[in-house]
Each structure stands twice: as structure tokens, then as C-alpha cells.
Amino acid sequence: MTARKGKRLKSDMGSSTADRIVVRGHDLVEDLIGKVSLGDMAFLELKGRLPTHQESTVFNALAVTLVEHGMTPSAIAARLTYFGAPESLQGAVAAGLLGIGDRFGGSVEEAARTLQEALAGTGAEVDVTELARKIVATHKESKRPIAGLGHPIHRPIDPRTPKLFALASENGFSGRYVQLMKAISVEAERSHGRVLPVNATGAIGAIASELDIPWKVTRGLAVIARAIGLVAHIQEELEEPLAAEIWSRIDEESSAR
Amino acid sequence: MTARKGKRLKSDMGSSTADRIVVRGHDLVEDLIGKVSLGDMAFLELKGRLPTHQESTVFNALAVTLVEHGMTPSAIAARLTYFGAPESLQGAVAAGLLGIGDRFGGSVEEAARTLQEALAGTGAEVDVTELARKIVATHKESKRPIAGLGHPIHRPIDPRTPKLFALASENGFSGRYVQLMKAISVEAERSHGRVLPVNATGAIGAIASELDIPWKVTRGLAVIARAIGLVAHIQEELEEPLAAEIWSRIDEESSAR
Amino acid sequence: MTARKGKRLKSDMGSSTADRIVVRGHDLVEDLIGKVSLGDMAFLELKGRLPTHQESTVFNALAVTLVEHGMTPSAIAARLTYFGAPESLQGAVAAGLLGIGDRFGGSVEEAARTLQEALAGTGAEVDVTELARKIVATHKESKRPIAGLGHPIHRPIDPRTPKLFALASENGFSGRYVQLMKAISVEAERSHGRVLPVNATGAIGAIASELDIPWKVTRGLAVIARAIGLVAHIQEELEEPLAAEIWSRIDEESSAR
Amino acid sequence: MTARKGKRLKSDMGSSTADRIVVRGHDLVEDLIGKVSLGDMAFLELKGRLPTHQESTVFNALAVTLVEHGMTPSAIAARLTYFGAPESLQGAVAAGLLGIGDRFGGSVEEAARTLQEALAGTGAEVDVTELARKIVATHKESKRPIAGLGHPIHRPIDPRTPKLFALASENGFSGRYVQLMKAISVEAERSHGRVLPVNATGAIGAIASELDIPWKVTRGLAVIARAIGLVAHIQEELEEPLAAEIWSRIDEESSAR
């Protein structure tokens, strides 16, 4: 660690001296605490600057959408973990977050990836209908589902989608990514002959792309939002424990002969 | 899981039907998305109701304070984990959160616990100076440090503390918990004969108690805030990777003979 | 990381050159692979030397005891996590391990701690009956349960205990820690007036102490063993998935109005 | 959870009654504790039966190979996590395991997958040279590296590979998977014109396939083995702490202006 000539370790996230704390170039005490909301702080952390009013509205809307989904596998895992390790609330939240993978948070990421890769290097003149056609065809050929379309429960439409798209539009973030996402839905419905509307993860993937968030980071929006939800589930578990009951039912049924 | 007469599994966190999603009694689409910020959503999740303007200011201030602390052990662990498992951003964040334990998030919790246990069952007439004296004496006797006092870097005072206490006061949250925390500092300085000002975790523990957040949940504030910081660190790691350099320096030095 | 005069980073765990890998002072290829079993390798890792035949028998017995307990909260959490993040088997195992805390692995640790703290600094002449009396009295006074006694299912005795104690005795590891653990059980039964036999975690805590494993590390025995069990649960989940069914039952019941 | 007619929750991993614990069909107390080593117990967990002597030798050799690699990113992450959360040894191990992803454990998995997919549905008469040619060509075409070949440090050969292949051969597990792995190396060296010997992860992937372990589970071998190594690193950290020094060096260098 000493003699070797290596790369300098450098980070722009934050630093401290005796009387000052700087976060992303802003004085934490003077400029952020009491002036900036948690959602705007998240924007600052990710983008390196505070959001405009429009950006704030849209970014907070995306995050708010992802906070709570009731008793998901992730919430149940967090509660069961807390039951075994009540000394470690952070461990229970971590266990819950570990389930925000390819099946859940991954769909936001996959939608954003599809859009960002398709539009990389293109300009304002791009033909989104044509792009949508190619994307649907490629997925059909390789028998892969298109991320961001359809929903097992919210049918025929996901109620979050029109709300998110309306907010994006009102605030100037209904650009090429949103248009392409919508075009993919239209084209997929035509090609597959069934209703395949844009779901919440598709809308979030598209709008996060409008906000210039790299697709590899979009899964992080779900992680941030779900951390909130999981702390709240653990609080409910503290007051009204369910884990022991869940365990004994499953144990009893699964070991019955 | 079927035949057994057990406790009913019941949760008030959220539920969905085909066209409606309810979070903590609020219609997600109609009442929350686009109307409520992420910090206020966190308040709703934890308290079961939306915050007043004053509560919002204070609650967001607490959370904002905890988001970013530069290259902490937790941020380094997240980056090293992402290096080994780039397929799982959630795993890297989870690894980072696992370090928000007794040494870090724990100090907020410990401060809140001390205050909440001391004031449990007391009324407005309680003598906080007297309580502070007892708390300091008990800790001194058992040689335990008092959570929420002093700081290795921020000396003589932690710049976040006066800001947080001022915000609490301006918004009507400078009650008995804040007074007791301050009194503990005064008494500890007198008893130990050295400067022991309230640090940020002490201020947060006291103000979270004013907001009626149970001490067992206060560590969750750090977890929520740090999840944001960790996603941002991983984004920086994606752009400017440090993990390989950290690894090779440590590996080289530690295995040198 | 360069200029500062700090502590040298030094580790004795392992090191590599182009043609040689050394683990705990042993040549991995020449001396360990194909010659040493996984359990003995774990002993080497923890103790810095390979076990005798007797130590190997006893150490492997402890670990084997902790591998599998059916559908525990930890196994269920791992399966639910894998459902959400099938790209990350390590994440599912990690989620499961996070539940090996104070309630489960913690009881081995607590038992070992009680024994090691009680016998610290004592010699062969120590009166274990007298020590046991003090331990039982202290716990009774502070209303804390004694770790390692009694079991909700395995009544009147835990079938693992006599087996483990017999193995310890046959192999020369039935010393003061085991005697004290047994004396605590006798004294607790006398004092509380009910059957309180040493359970498996009490036996493991005592025998691990005979093997000179520090109590802070004993929880690690459960972690090591359970990692095996959790990988096997995930393999079963791959072949016969249960997570979706568990989720939908809990979700349905918990959100019913 | 009650009224719904769903799939029966069923597991064959283990079950308990008051006086008996069954693991994978074996009586834990009568047949396993004291009779079976930890490695063989892992085999039983994964395969549903105890290993033959030959299987035991080979399986334990694979696992032993993966236990310890010195100060890896995963070991450093575990130590940093333990520094922040000393109350949760399981959290520190979990943090370390979370780094056993695509870059590390993933290479065993990827090697096993390549071999198992290539040989699926083929018989004894399969032409491994021809298959190897196809595999190398396909990877070259899509510019993907072939898992299990080459090593940054262990050059020109990985010393673990000949040892593992020799053990496999002596014990009757040098079948088509091992032959194909070797043929891929020969063909890759020919095609790329440089030395590309089978590394340890390639050998482990091939031999695990000989043992009929599904490729999706092979990453679990690394997870099981590394859990042991991580507990040992945390024990060393307890005795000789490095985390604070690592933190302060990185923090100092990264926040210097």
C-alpha cells in the first residue's frame, strides 16, 4: 500500500474538516440541511448538482412509486431475518434489498437499458416507430420478454403509468425515451396480438433515462426506495410480529409426512 | 400452513387491486406520486400519516444529514463488493449497509434509547438536569461512553448540531428530549472536565425522539439515508473504479514477507 | 494511503506467488488439496494448524450438527431472496445467513461466553458447582434466560446433547467447560424447579470452548455450517420452487380486508 | 394463507420430532454426528446421499481449494463491515460473500455451464475436440472470454489444476467434462496463439460437472468454502485489526485536495 506507484484514490462524493462537511461540492450545514429534501439530496448525490423544480418533481415521483408494495418476498425476507437477528436492523434491511434483483428492480434496469442502447448515438430525427419495430422483432426472435410491458395484476393498465407519463410531460421530460417506450408497447401489442401496456417499471425506466441516469444505476432507484419500505416493515414487525407465525406454518406444512 | 389455527397474518403497509394501489391508507396514484417528496413518503411509511410542514422540514433535515460521509468503511465495502459481483448492485448496497451497525448507526440508536428510556413515563414537570446527572453518573460508574457526545474530527463542536437544534427549535421540536440531550452534554463536560458537545448522532437521536420515532427504529434513519449514498458511490465506482487499486495495494502489503 | 506513517497491514491467512499458494503456512497444492477434508481445513483456518484425529472428530461433529434444520426463517428468507434475484446465488445465501443472529447462532455464542468468562483466569482446582450456582443466581436476579438450556421441541432432552458430550469425552475434550455447562443445567433445574437440560447450542458452546475457540468466533461455526445448508436449500428451490407459493399466500392473507 | 388451494409446500431437506432429527433421510444423531465429516455432510446436503470414498476425496478437494485466497476484496469488505457492526459477525460474513459474484465464483459457474450445455444430450461417443473447436469459435466470434482459462498470477500454469485433475483421474472422475475442458484449452491456445492453460476455476467447474452438480449450483461451492475463509479473516481481524488503518488511509488520500 505504500511503495507501489498506483492510481491515485480519488472521490468527489464528500469530505470533512474540523468545522466543515462538503457533500458533492455543497456545504452540508449551510446549503443542504433544512433546505433540501431527502429526494433532492438523492438527486444531488447521483447527478452532482441539485435538481430544478421540474427535475425534483419527476425524480421524487419515480422514487415514491417504488417505496411500498405490501408483503413482497423482499419484505417477508426482511421480517424473517429480523426475527433471527433482532440486534441488526441493518441486516434485515440488507436481506430484503438482496431480493431487489433481476425479477424486480431488474425490470426497471432492463427497460432503461433497452431504451438507452437503442437511442445511443442517435439524434432528434430518430424514427422511434422504426426502432420499436426492431426491438420487438429482436425480442420475439430470441423469445425474450420485453421489459416494462404488461402486469399480472394491474390490468388492463397499470394505474401508475399514465400518472408518471403525465408528470413527465408536464415537467418537460417526455422526450425520445418516453416516446420509444410507448412505441414499443404499441408495436408489441400489434405483433403479439394482445394487450401489453407500459407498466410502472417501463415508465420509470423511460423517465429515468430522460433524467440521464445510466441504466446500470436505475436499479439503484428501486434499492433506495425499498430501503425506506423495508425499515417501515420492520417497524410494523416490531409492533405486530408475523415472522414466527409464518415460520411455524411453513415448517409444519413442509415437514408433514 | 393450512389446517393450523394460528394468528392472522395482517399488515397495514400496502395493498393492491387491479386498478388501485394503497400505501398506508393513501391512494398511491391519486394522492402520493407527484404530490409528495421521497422524504415525506418515508415519514408516511414510518408514522402512518403525512407530515405537517414543520415535521417535514425536521424529518428531511435528519435524513439529509446522514446521506453522505465520503469514503467510509461502508462505502469502501460496497465498492469492493461491486467489483466482485457487478451483476448485483443490490448486493453491493446491502454489503455497505451491513456496516451501519453498533459503531455508526448504533450511536443514533443508543442516544435515542438513553433519552427515551430516561423520559418514559415522565411528564412536563420532569427535571432534565437531575435526569442528566443520573445518566452521566451511571455511565461513568459502568465506564460506558455516553452516546451522542464528542467527535474525533469535528472539534470543538460538530457543525451539524447547532443547525439541527436550530431547525428543531424553529419548527416546534425542541422539547424534553432535546433539552435532556443538551443537559447531558453540560453535565458530562462538568463531570469529566473536558469538552463533550452533542454531536450529530446525539442531535439526531434527540430530534427523532421528539418526532416520536421509537429508538429501535432510529438506526433505520441511517440505513435509509446511507442507501442513497451507497448507490451514488457505486455510480462513481462505475465511472472511476477504485476497487482494483485498493485491493492490489492491500494484497501486496499484507502478503509481503 | 501513501505518505502516512500508519500501522503495517499484515495478514497470516494466505499468500500467492506464480507457482505456489500458501494457506496458513501450508502449501495448498502439496499439503492440503486431496489430503485434508473441508472440516479440517476449517480447523486449520481458525486455529492456524491442522487438527489431531481427536480434534478433527470433535470439530467436525460440532459443525455437522449445525448444517441443516429444515425450513427455518433463514432458509425461507434465502429462498424468497433467490426468487427475486436469481442472478445472485451468493445474495440468497447472504440473506439467509443474516438471520443467524442473536436468536439462533447467538445462543452458541452466549453459552460459550458465559463459560469462558466464568472460567477465565481459573485453574484445574476451580469449583464448577460453585461457579454454576453463581451463574444461575446472577441470571435469575437479572431475569435473563441462561443460554444453552432447554428446547421448545426436543423434550425432555435434546438428542444431540448426549451424542456430542459422548464424542467430546471419548476424544479427551470433556474438561472444565463441559463440566461447568452440565453443572449449570443441574443447578438451574434445582433453582427453577423444572427440567432444563443442556441443549445442542449449550453443548456446542461448551465443546467449542474446550477446543479453545474464542466465544466471539463461535457464532461463526453456525455461519459456516448454515452456508452449506442454505446452498442446498437453494438447489432444492431450483428444482421445486416454493417461494412464489409462500409469497402469494402471505400477500393474499395479509392484504385481505 | 388458509383458504387458498395452492401448491403444497414440501421440502426434503430436514425435519424434527421431539426425539429425532432427520437430515436428508438420515438420522442426524445416529448416523451423521461423529461419523461424517463436514465436507461429506455438504455432499449429502447437495446430492441427497453420502459420498463414496472416491467422491468424498474429490468433492472435499474442490471445496478445500476455494477456502482461502488471502486479502481478497471479499475479505477486506468483511473486515470493514465488522469494524462498523461488531455485533453482527454474520453480517460481516454476508458482506464478504456478496462479492463472490460474476467475477469470482462466477467463473466456476460459467465454466461448468459451458461444459454442461455443450455435453447435454450427448453420449459416450461425443467428439470433444470438435465440441471444443465450436466453443472456442463461438466465444471468439462474440468476443467473450472463455471461462476457466488463463490466470493473471499463476503463470504459465495454475498449480492447482494438475493436482485437481490428477485427483479426479485417480478417483474415476476424469470423464467427458474434464476431457472437454482440456480440449478447450488446447484449442484456445491454438486459435489465440498464446498460452491459455486451464485454471483452478476451470478444473473445478469440470470436476463438479463430473460429480453431477448442476452449473447453477456450482457457484455455491465457492460460497460454502469462502464462508469458512471469511470467519477466519474476522477472527484475525479481532486479534489484529486492520480495518481502521485501511479506512483512514483511503479516506485521507481520497479526500485530499
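Order of writing sets the chain letters: A, B, C and D. Residues in each chain are counted from 1.
Simple rule for what comes next: a residue touches a chain if its C-beta (ideal position, glycine included) is under 8 Å from a C-beta of that chain, and two chains touch if they have at least 3 such contacts.
What you are looking at is a predicted structure, and each value in this text was computed from that prediction instead of being measured.
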Comparison of C-D and B-D (more C-beta pairs in contact): C-D
Farthest chain (mean CA position) relative to subunit C: A
Subunit B and subunit C: spacing of chain centres that average the CA atoms, whole Å: 31
Mean-CA-position distance for subunit D and subunit C (Å): 22
Averaged-CA centre spacing for the pair subunit D and subunit B, given as whole angstrom: 37
Two or more partner chains touched - positions in subunit C: 1-2, 9-11, 14-16, 70-71, 85, 87-88, 90-91, 94-95, 98-101, 242, 246, 249-250, 253-255
Contact footprint of subunit A on subunit C as seen in their complex: 1-2, 9, 70-74, 76-77, 80-81, 83-88, 91-92, 94-95, 98-104, 106, 242-243, 246-247, 250-251, 254-255
Subunit C contact footprint on subunit D (complex, rising order): 1-2, 4, 6-7, 9-21, 23-24, 28-29, 32-34, 36-42, 45-46, 56-57, 60-61, 63-65, 67-71, 75, 88-91, 93-95, 97-101, 105, 153-155, 157, 159-160, 163-164, 167, 214, 216-217, 219-221, 223-225, 227-229, 231-236, 238, 240, 242, 245-246, 248-250, 252-253
Touching residues (chain side subunit A, partner subunit D) in the complex: 1, 8-11, 14-16, 85, 87-88, 90-91, 94, 98, 249-250, 253-255, 257
